[in-house]
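Look for chain A in each of the two complexes below; its partner is chain B in the first and chain C in the second.
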Partner chain A sequence: MKKVIYIFSDGELKRQDNTLKFHCEETNRFLPVEDISDIFVFGEVSFNKKLLELLSQKEILLHYFNYHGYYMGTFYPREHLNSGYMILKQAEFYQDKLKRLELAKAIITGALKNIRQVLKYYDNRGKELKSFLERIEEYEAQIDSCREITELMAVEGNARECYYQAFDIIIDNKDFVFEQRSRRPPKNHLNSLLSFGNSIIYTMVLSEIYKTHLDPRIGFLHSTNFRSFTLNLDIAEIFKPILVDRAIFTLLGKKMITKKDFEKNMEGIVLKDGAKRLFAEEIDGKLKTTIKHRELGREVSYRRLIRMELYKLEKHLMGEREYKPFVARW
Partner chain B sequence: MFVILVYDVNVKRVNKVLKKARKYLNWVQNSVLEGEISDANYKKLKMELQKVINEEEDSCLFYTFRTTRYTNRESMGVKKGGEGVFI
Partner chain C sequence: MNDKDLHVTGTLIWYYYICHREVWLMARHIVPEQDNPNVDVGRFIHEQAYQREKKEISLGNIKLDIIKRGQDGLVIAEVKKTSRFEKSSRMQLAYYLMEVEKLGLNAKGELRFPEERRVETVELTDALRRELEAAVKDILRIAYLEQPPEPVKIKFCKNCAYAEFCWS
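Let's turn to the complex of A and B:
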């Protein structure tokens, strides 16, 4: 599978000899353009149009984040998989209230099942999480009776709140208490980790959507608006617990990230560069991890699983096979 | 597939080979590149190199591995180039 490049240093990204070159004070590195699918830019990087031309030609997405590590945007090359048919199907399922609800329910069911899987693991490891597991299960049972997307969102919100409460027991570190979910800007350390991790997953899913016929602007759980991509948010719901949250537990459990890795500014708490890099490395490692796929009978990486999730969605939209969300087995 | 490319070509063509190979593989040290590559790109790389080299006097060697699981890579001295996706 093609690689993702993460640039944290400041420098210049150039097109040279029909490939990419990153030029900065410490290194002068050529990056094999044929083996790259996305570039995440966190540092202060300058580039020009001829670089963008090459990226377009090679269908490489360039995601950029601002100084504080917030997602700012994506250089989304010309669509290479154009399908009017798929857009119409997507719109049809979006506009039909029942069809949309059905899909949204499937997505939330997947998300909650994966949440339970994460909790179950720590419960087996001797953390007292039985009550949380039961509550999540109750919320899961409520999904079926929802008649409106808003109702569904409420159930999801409550379930997530309950799930985040469990973080305090799992992490068990007084420097990283949950308190409540706060975003834009995150008000405590744990929240800023969550925000950063989630934004990486959102963009990673967007990259995978680019490689399918789907249009990222039409989501099903999140309502389509004038501003942002939403389909990637939908699919990310399923993968957030198993990718981001697990990465957080690992980093905090091994004390790889501590309170010193944050700084306070502008009302919020943000991660320092070194910690961002560690976190990105952890998530990247997770995405590369392979598991044996039961149906295919071969090893697939988590990154591939995201793509397969989109293919399943396409199949559902075309009426070939009903969409069943991915649920982790451990 | 993982591939190690080693080349020994006439000075006139060293740069040409390097430029072609850098699109697909990571430069490790003079005349050596390595990296993960897909079957299709491997073919493309070989074709591109074929066009550049003079088959009478140049040589390119490819060592391919289905997986790197059973290999080990040790290095001594200066690290000149290499992989790594975090810059």
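Let's turn to the complex of A and C:
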């Protein structure tokens, strides 16, 4: 599979003949353009139209983040896969209240099941998480009776709050207590990690959507009206616990990231560059991990599982097979 | 879908002899994964092989890889990555010959496998004409099905760029 390039340094990204070159103070780095699917830019990087033209031609997405690590936007080359049929189906399922609700329920169910998988893993390793597992299961049972998306979002919100409380038991480190979920700006270290990791996953899912016939602007759980991209937020719900949260537990458990890796400024608590890099690498490593897929009969990476999740959604929209979210086995 | 929406192309004939599900998906422009290495190699061969000869001529609904004047009349050639899909390749080329014939042109067919350094000739016979007419009808029937034909595991699934879509 093609690679993801992360740029944390400052410099200039340019087209050189038919390939890419990243020029910064220390060195010149050539990036083989045929082998890249997307570029994440965290550093202060300048580029020009010639570069964007090459990226369009090679169908490479460029995601950029501001100084504080917040997702700012994506250079999304023109759609290269067009199927009028699929777009109409997607819109049809969005506009039909029942069809939309059904999909939103499936997504939340997947998210909560994966949350339980994460908790179960630590419960088996001696952390006392039984009561949390039970409570998440109760929330899961409430999903079915929801009649509105807003009701569903409330159940999900409550479940997530309960889940985040369990973080304190899993992490067990005074420097990284949960307190409450705070975004923009994150008010403590743990929240800052969560925001950073989640935004990487949102972006990664967006990249995978680009390679399907789905339109990223039409989500089912998150409403389409007030945002540009929403389908990526939906699908990310399913993968956040197993990719982002597990990466956080690993990094903190092994003390690879400590309190010293953060600084406080006007924008809240911000991760320093080195730690951002470590975190991105950890998530990238997870995305590259492969598991054996039974039906397909081959090894697939987590990244590819995200794509396959989108294929399942396409098949649901085509009326071929009901969408069942991916649930991790361990 | 309305009858005027769909034209049977050479690609659909090709897929018809491999997998009917592919016919349905292709007819709706649900194209296979573009980052599959086999799709990449196929595209590369298409772009690189026979650069000196005329390429990509559109005639009605069909697209010919190469059309040239041979020693005794027109020659239509189709370039393929591999000869593994024997039936599909022959039928696709025969379909082109039949379409060209409808325009009042007489041509001979050549299947070219640059990687294998091999050329095979194909001639349009009455038996092929009848078979193709039946295939066109059946392709239209498949394409207008409300839902795609169920996936069936066959030997071609192994390297198919739709595999992850079908088996996800």
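Going forward, the second predicted complex is superposed on the first by the 328 of 330 C-alpha atoms of A that agree within 3 Å, B and C clash if a C-alpha of one lies under 4 Å from a C-alpha of the other, contacts with A are read in each partner's own complex, and residues count from 1 in each chain.
The rule is simple: a residue touches a chain if its C-beta (ideal position, glycine included) is under 8 Å from a C-beta of that chain, and two chains touch if they have at least 3 such contacts.
All values reported here derive from a predicted model rather than from experimental measurement.
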* To do: Name the contact category of A:Glu295: first (chain B only), second (chain C only), both, or neither.
  => second
Worksheet item: Does the superposition put A:Lys211 against chain B (first), chain C (second), both, or neither?
Response: second
Quick check on the superposed pair: does A:Asp38 touch chain B, chain C, both, or neither? Answer first, second, both or neither.
neither
- Check whether A:Arg304 is in contact with chain B, with chain C, with both or with neither, and answer first, second, both or neither. second
Review point. Between chain B (first) and chain C (second), which does A:Asn82 come into contact with in this model arrangement: first, second, both, or neither?
Key: second
Margin query: Taking the superposition on A as described, I'd like to know which of chain B and chain C A:Lys312 touches: first, second, both or neither.
Written below: second
- [ ] Check whether A:Glu320 is in contact with chain B, with chain C, with both or with neither, and answer first, second, both or neither.
- [x] second
Examine A:Glu140 and indicate which partner it touches, taking first as chain B and second as chain C; both and neither are also allowed. neither
Dual-contact residues of chain A, meaning touching chain B and chain C, are none
Residue positions on chain C within touch of chain A in the complex are 28-31, 33-35, 146-148, 163-165, 167-168
Chain A residues touching chain C in their complex are 1-2, 37, 59, 80-86, 211, 213, 293, 295-297, 300, 304, 307-309, 311-312, 314-315, 318-320
Within the complex, chain A is touched by chain B residues 19, 22-27, 35-37, 41, 44, 81, 85-87
Given the complex, residues on chain A that touch chain B span 3-9, 17-19, 22, 24, 27, 29-35, 277, 280-281, 284
